[in-house]
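Same chain, two partners: subunit A is paired with subunit B first, then with subunit C.
Showing the complex of A and B:
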């Protein structure tokens, strides 16, 4: 039999796809999707236990709980999966066998990360469908009840009010933004895991960065308020902003949940910000990982 | 002269010791060359620098000074690993994959795909005696089975060089003999093998040359027969020799001015004895089963 081709391609989509598929398979076989049962309980529970409220309040609670839980679960999922992957491969020496094949280190990182992205996409997709399904079901129940109890001359207005407070199309970009935020956090975790000594350290640092990412916007506004900040403070604030992503930007999802109109420009801006940070963190992860002694 | 399969030139590898100024020198000024088609044994006690040398050759760690190359490609370049199969010591693969999935995964990493890859994977599973474990997850494999699947993944892209780190660790004598036979078969096919092993008997059987490392230095290197043959001694093994013949021989030896150093009963080595016993038992069991099936 002839030997494998000697013309090595510097980047191979096939190799990255094999690594991503394997990561996806690993995470699926770890049965991580059982957490969806918890999510289902939360969403269905929040729709059942609020029946004594007005329908506006019921829908609001459902949206707050639903979007909040999607955000929390997708972040946690991305954090834990990413924090486990590389240290586990290193401890199990699986990494040796993979990198002893003609696999550039960047492809290994990218493949692992894409696998996690796929898992988060599947999880966010399933949670989103479940959330929107419960919301639609509740909407139908409230519409039927309104139709039964409202006089015919007021029915059209009443039904419109119900519809306006239930499903809105901007819930879908809201869910996509939650996904974008989870990707930023997962890539950040990947970056930390390239120089961390253990999974526990990676998780801890990642949680700290997550919290700082939410606080840095507030800190920046405080320090720069009034325009009297010294150049040193400005430099410090700039550095913090460079290292920690401003996760407050993703709070636009709260406004979507509250039913406020959010401009498409803002949605694109936040998505672009998420993509930029994802790329920067991936490149930094590669810079560390390429120098790592295995 | 053709490009050597492995070339190590003045390799030194130091590791920083956390919280200390001094550095640990794992390999010191090591130079060696393995020509294509040779089976080379890298020997040495634990901590002598064998694994570090292998890792540098495979590009897993970078040299502090000096260089290593595979078929002329610097080890730091990904291309150098195009034609290399590596079996690490105590290999751990993904436990969630089946035997077949493992080979397909590693095959894809080597750029193989489709029917050709499947064919190759099934061929290798058969070669290492795991065709019945193709659909079993590695989590349930014994140590010996893991070693075999490790050997199969190392061979997936039909490499020209095999780097085997303790390939028979944890394998029973029958499995160990099979691996030895496989190495001899690779040698016959012209595949270069770099072998790290503590089983010196096995190294002696399969290797053309060996290098002995001690505290990171190459202390001896050469062809096995040159290293272990005692030039001024000859060994005779006689069958059915009477005591009279033996005393005649002894007299002639002394008359010629030579000296008889030892005279012992020849012994089969323990490995061969063990295999004879276990194989005889296995065939006796299958005969008993066959006859009880018939009755």
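Showing the complex of A and C:
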């Protein structure tokens, strides 16, 4: 018969899954999905607001608003859920109960983060379905209207143009990349929260990091191009380029909404790079959390 | 402090590794047609500080839509100068969106140009014509710039053909634009025919156009315009009645006539 200590494994997927499941349940109980009502209002509202436009403009605006809102809400959701994770567990004393058991701190962090990832996945999935549903509904309305008002000899061409402007499969990779970006941002927020003094600090710094991440490409190009800037400016720009992730790499939805398709190679490369960012930031978060005095 | 040092070293080490990878991914995305927006200070004036940050922060398409709605308001108030500035910003923010280029051209080459022609406050006919021509040029420029970003757009080439044909009176350029449109994916069925119609109006191309129209006729595309142009060209080229396509194709020209 094995002793209790020898049966205990250093890393257990089961423990991580239990923590992730618990985090998911906890976040659902916090009624965070109410924001979906706001999203629905935004998407349906924009589809009604644009009826005065041509059908091509309507679809363009609907896609821009839909994808933009999914991007905004998934980032906000990840940010707020992750920023509250550790402070809330400290406040409820749940953290002490968990860590008093033989649960390594890394498993705790990983489980919590996976729980947030699941919440974001559910939110992005629901928003994606709602958005594509509204788009499909509007497409059917426009198709019916076109069929009613177009002369028979021009009907095939007209219907083709309507279909080309509405739903396209390239919207799906766009939504996947929005999800990948939300994961990177959530992990960055977790990293910040491991050394932050309060949730407000975490949220504020995360917002700044989000903005800096979008400007990182400009800093990188400026730094690598050399130029005549002072050494101090070069040092600052170089640090921004090295420390912050390039979030613009995930921002391809603007072109996707305009009808551009993402190649499978690019999709995999960007998603893979996103995963790498996530792993690195998680390990750095662990470096802080493992030594944190609780 | 030791912890901070380790984290910073890892972060910088990862940064040194990731920078060239990010750069190459960025270059690949640019090569595949992404990140095409053109940033400049004029755009910042239009969108404001917050809008500019939002556009840089991943909400470029949304900012473009807000400007588009503002452009709609400027159009209703017939503020053509302001409309042009807003359309410039919209198309710079979303250059891959064909519909924005097309509508920008429509507003300038049709709405603004016609409004300038019928301006009740301007009594000098020369000034009216000059203003109209300028708006037509702006409309044309929107299409030409749009084609730089969307070279495979059949719609933009078709609009260019319409502009040269209906508004600028240049059948040679119109024919060329329609012919380009016909070669692009998703082109409308009629644009190849329109290229021939325009070609028939170009002095010196009558024989070539006649041959192409005869081919259309033989293939059964006996549209009213095809028949009318064939008759016109036969008279102009002095083709004997016995060699007329209507005789040689062994068909009744009125039979199976379709809409233009």
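As a working rule, the second predicted complex is superposed on the first by the 268 of 294 C-alpha atoms of A that agree within 3 Å, B and C clash if a C-alpha of one lies under 4 Å from a C-alpha of the other, contacts with A are read in each partner's own complex, and residues count from 1 in each chain.
Basically, contacts are C-beta pairs under 8 Å (C-beta built on N, C-alpha and C of every residue); 3 or more make two chains touch, one makes a residue touch a chain.
Just so you know, these numbers come straight off a predicted model, no measurement behind them.
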Fit or clash - subunit C, subunit B, common subunit A: fit
Partner chain(s) touched by A:101 [first = subunit B, second = subunit C, both, neither]: first
Vertex subunit A, arms to subunit B and subunit C (CA centres, degrees, nearest 10): 170
First (subunit B), second (subunit C), both or neither touched by A:185: neither
First, second, both or neither for A:67, with subunit B first and subunit C second: second
Partner chain(s) touched by A:110 [first = subunit B, second = subunit C, both, neither]: neither
Partner chain(s) touched by A:294 [first = subunit B, second = subunit C, both, neither]: first
First (subunit B), second (subunit C), both or neither touched by A:29: first
Partner chain in contact with A:81 - subunit B first, subunit C second, else both or neither: neither
Partner contacting more residues of subunit A (subunit B vs subunit C): C
Partner chain(s) touched by A:273 [first = subunit B, second = subunit C, both, neither]: second
Contacts of A:142 with subunit B and subunit C, given as first, second, both or neither: neither
Minimum Cα separation, subunit C to subunit B, after superposition on A (Å): 12
Intersection of the subunit A residues that touch subunit B with those that touch subunit C: none
Contact set on subunit A toward subunit B in their complex: 1-6, 8-10, 12, 14-15, 17-19, 22, 25-26, 29-30, 92-94, 96-104, 293-294
Subunit A-facing residues of subunit C, complex: 3, 6-7, 10-12, 14-16, 18-19, 21-23, 25-26, 28-29, 32-37, 53, 56-62, 64-65, 68, 72, 94, 96-100, 103, 186, 188-189, 258-259
Subunit C-facing residues of subunit A, complex: 53-54, 56-57, 60-61, 63-65, 67-68, 71-72, 151, 153, 157, 160-161, 164-165, 181, 210-211, 214-215, 217, 220-221, 224, 241-243, 245-255, 257-260, 262-263, 266, 269-270, 273, 276, 280, 283-284, 287-288, 291
Subunit A contact footprint on subunit B (complex, rising order): 15, 55, 58-62, 78-79, 81-84, 86, 88, 90-94, 96-97, 105-106, 108-113, 120, 150, 153, 157-160, 163
